[in-house]
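Below you'll find the structures, each written out as structure tokens.
There are two complexes below, and they share chain A, which is joined by chain B in the first and by chain C in the second.
Entry: the complex of A and B
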């Protein structure tokens, strides 16, 4: 029995949310049931992800390989759950549950009619399934399919509020994301043309043999991948869709879009860069320099743009642009510390940004005020929400003992290993910027006199979601133990120095 | 071990307790604040006695592949003693000062929280913990700076937090470099860089000094300090003359003596420039002070000047210089807090904050002005006050280091101090007050008593410097 679970684990962890999402539309009249189903599938997701992680750690990084339909690679589609995949699957699971909890009983306020709620959950689970698929797949075309599934569900989530701005933002997102997909597909096509393989392992082997015959094609494939995934993961200056899309979506949707969806595309980019092209080819084409440069520009520009925003959710959205910069920068460091730091930062930002968006959403829903200056005294009226916001802000700034610090610390060590001080300075300056755009919110919320009205914290499931995320930020910061270990293993796997 | 934990966390525990006490329960809150402040001071003393006796107290744990350790050495214990003891005085003074003010709960909660953060800086055993508490100290004192909630206060708060965060960023930068070069961040034992002389150390030391120099108000990184004077007076007294600024000074001492070690610093070319940076701040600070009319701002610039006395002593890299630095750290703190307390009493009782309007305040507030005068004598460096000894050792250190012009700088600074403050005293006793809207009589006992006790303590130390000498000696012996 146990062996059966273990061998089928990689596929089961993907199928579970997808399967539930397909039956949700038939239950659209029974919202309570839908909500409970979603939450239970998320709890199942956490259990499976933790189990997967424990197996991978116990096997010292030996991946679990599942061949779809029994066809072995390179003919069939292969799922490969190594340290890297398990790490991202864990990230998805631990963010997915609190976000689903936050949606419980609260969503119809934001999305309008109850019928839309079921549709929202369908898209939500589709997205979770697609992201988990991205974590584990080892096949390039499969990556494309999952990227498309994720993109369409994201667009659906953005437009789930019945408002003209939502439709506009969703349309803009749809157009840009489709352009991105086209580039990704093009990139995959180029790789397929010269290697004849879609399986990452085989493609990579072939590529390292023959790349010198077609240097231009490889170069084009690189650039298509960078631009395609760059648009989707909002790498500056390809981020223009993000602020609108993430700020008009309902709170839990913004949380999952900023926290996970963007990370999914980054993760695919990481896999393509390291598993298909490989670190040595990256260095030949100086792709790692481009990544570091793009990361630094994103950190600075995103932070400055975030400072200029007066709406809370828009400020958080631009902050995501800046934080994506850290992750991209880490991808370009090509050493274990930098990659481990980048991966840990990815996880930490997923948790932190979800907490920020959820608490911001709760504030906006209760007060109806979008602007930061109107939030005077919220800290006293909504203590749990603001406490979560404060803890996550401190985490994002990178105070020791909170999760952001460990990611940043490893990123800093990784940057120093490249003998280049500029990224180090930018990473630290980014933290100061981050404090500059988040702390005024905290000051206004706590230290300005509150107007006379009775606002309250949101309901119990929402509070539990916020508390869960805050605890995760603290736990990841104080006892990252096996999670950091897994990130290090994943980095070693990426660099093929097992 | 327990002394360390209790000393460190009394403040935080007190802060939580105060946070739970409703705004209206004044007496209960005062009692709580006093209990926790006293307990912190008491356990700091017990801890310091153990540390001076040579006991090694260490709490360490590994979190996320980084060691976090608390390990007070004599220098940390001395700073801890200064901070926690003065906290009791400031707390008592605050009871009087805050009597008619608003938001007392927030004020006292954050006052106690800052105590824990300051002691954390003092007792930190490695750079990561030092950085952590240094950063947290900024956040926990920020609400005190903006306590008035006026737009001026908010602006000062923004300045304070930005300067501090950028400074902390520089420290993090330097810490990461230290870690990647040496793989070691611990203070106790041999200095981190002992025997690791390599290019780039000059820049690293400068980076550390720039980072900590923000809180130590080294000119030109000092601008936040005069602005932060909008805070309530006890906060200015305790935090902006002692705790916060000392955490910067202490950080520099740590870096020079525990991270680099005086031998390595002595071999760096930058070590010839550092004392002159301090000397410049000493003179520039006090010269700017003479041009200030607001008493608290004048005192703030004097603080800037005097903090660099300590740095100057540290940068001579000689044992007498370090002894002078530690001695000055102790004795200056008691007098400066007293000076600010006097300024607070004057502004509370007469409503005057500007020096030009303080003519004759000495007649209505004789005891306060007596305390003020005594403290000023100390600032100039006259016997029988304790600061004389610190200055004497500092000069001795300068001469020992072969840099006798530094001794002249100290003497010159004493003279400018006199030029700066003697007229204030003379005016206060001689001039006539134009309108007597003054509440007659001395200020409340809660504000006056701590001031006078501090002056008496300073006098006693000045007359019997042997009282604190064992502490100073322990610090110096730890490094030489």
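Entry: the complex of A and C
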């Protein structure tokens, strides 16, 4: 039994949410059952992800390989759960549960009728399933299909509120994301045309032999991949869809969009860059310089744009643009410290940004006010919500003993290794900017007199979700232990120095 | 120069794909009508499909159907065509979804022009 679970683990972890997601629309009349099903699937997801991580750590990074339908590697679709895949699967699971808990009970207020709630959950689980698939798949065309599933469910989540702006933001997002997919598919096409393989391992081997025969095709494939995944993951000049989409979505949806969906595309980009093209080819084409430059521009520009926003959720959305910069910058450092820092930052930002969006959503739902200046005295009325907001803001800034610090510290060490001082300065400046756009919210919420009205913290499941996320931020920051080890192993796997 | 032109003529499906891709991209980016944007996206995707299918083609090859007599025949590579079947399905679902969103946009804003929708954005929302 145990062996059966272990061999089939990479599939179980993907199809559990997918199967349940298609049952949900039939249960649209029994919304309590739907909510409990989603939460139990998420708990199962955490159990499977933790088990997967423990197996990978026990095997010292040896990947679990599963061949779909029993067809072996170059012909069939291969799932490969190495340290990297397990790391992202863990990130998805630990963010997915609090977000599902937060949606319990008060979602129908945000999306309208109860039938819409069931459909919202269908999209949510489809997104979780597709992201887990992206984490584990080892096949390029499979990546494209999962990216499309994730994109359509993201757009569905954005449009789930009945407001006209939701349709507008969703349409804009759909158009730009589909342009991104077209570029990704084109990039996959170029790789397939010159290598004849869709399996990442085989394509990579073939590519390192023959790239000199087709240097321009490789160059085109690189740029198609960068632009395609860049649009989808909102790398700075390609971010224009993000602020609208993430600020009009319901609170739990913007948490999962900002926390996980953007990371999923970044993660696919990482896999394609390192597992298909490989670090040496990246250096030949100077792609690592482009990534570092794009990261630095994103950090500075995203932070400045975030400072200019007066709406809380829009400020958080622009902050995502800046934080994506850190992750992209880490991808371009091409050393173990930088990559491990980037991956750890990816996880920590997923947790922190979900906590921020959830607490912002709770505040907006209770007070009905979107602007930061209207939040005076909220800290005394909604202590749990504001405490979660404060902890996660401190975490995002990178205060020691909170999770953001460890990611940023490793990124700093990684940039010092490349002997280029500019990224170091930008990383530190980014933290200062981050404090500049988040701390005023805390100051207004705690130190300005509260108006006389009867505001309360949200319900129990929402409080549990916020507390869970805050605890995770503190635990990841104080005892990163095996998670950091997994990130280090994943970085070693990316650089092929096992 | 002559060599380059010869190469382009031999690889005409790829040149066609490139031209169609650029036409599609220009349509999406420069037109403000939502239907034209949607059509542009479909054109872009068609270009990618053409590229894929052309990459599996072998001149003079036949469809890979093995019936005992033709085991020596030259077959084209069926994999890219099969992949593009999936691609077409994805593209159809994106179009369907986009049309549903267009319907919602038209019902709330009364126009299909994105520039006008952007201008009147917040007034409709505050109602």
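Keep in mind that, in the parts below, the second predicted complex is superposed on the first by the 498 of 498 C-alpha atoms of A that agree within 3 Å, B and C clash if a C-alpha of one lies under 4 Å from a C-alpha of the other, contacts with A are read in each partner's own complex, and residues count from 1 in each chain.
Simple rule for what comes next: contacts are C-beta pairs under 8 Å (C-beta built on N, C-alpha and C of every residue); 3 or more make two chains touch, one makes a residue touch a chain.
Note that this is a predicted model, so its numbers are computed, not measured.
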Is A:193 in contact with chain B, with chain C, with both, or with neither (first, second, both, neither)?
second
Could you tell me if A:33 is touching chain B, chain C, both of them or neither one (first, second, both, neither)?
neither
One more residue to check, A:5. First (chain B), second (chain C), both or neither?
neither
Report for A:308: first if it touches chain B alone, second if chain C alone, otherwise both or neither.
neither
Using the touch definition from the top, say if A:175 reaches chain B (first), chain C (second), both or neither.
second
On the A-aligned overlay, A:478 touches which partner chain: chain B = first, chain C = second, or both, or neither?
first
Touch test for A:447: chain B only (first), chain C only (second), both, or neither?
first
For A:436, is the partner it touches chain B (first), chain C (second), both, or none of the two (neither)?
first
Using the superposition described at the top, list the residues of chain A that contact chain B and also contact chain C.
none
Chain A partner contacts - residues on chain C that touch it in the complex
21, 24-25, 28, 34, 37-38, 41, 44-45, 48, 51-52, 55, 80, 83, 86-87, 90, 93-94, 97-98, 101-102, 104-105, 108-109, 114, 117-118, 121, 124-125
Give the list of chain A residues in touch with chain B in this complex.
394, 399-401, 406, 409, 412-413, 416-417, 424-425, 428-429, 431-432, 435-436, 439, 443, 446-449, 477-481, 484
With touch defined as at the start, can you tell me which chain A residues reach chain C in the complex?
141, 144-145, 148, 152, 155-156, 159, 163-165, 167-168, 170-172, 174-175, 178-179, 181-182, 185-186, 189, 192-193
Within the complex, which stretch of chain B touches chain A?
63-66, 68, 106, 128-129, 131-132, 135-136, 139, 142-143, 146, 149, 154, 157, 161-162, 165-166, 169-170, 172-173, 176-177, 179-180
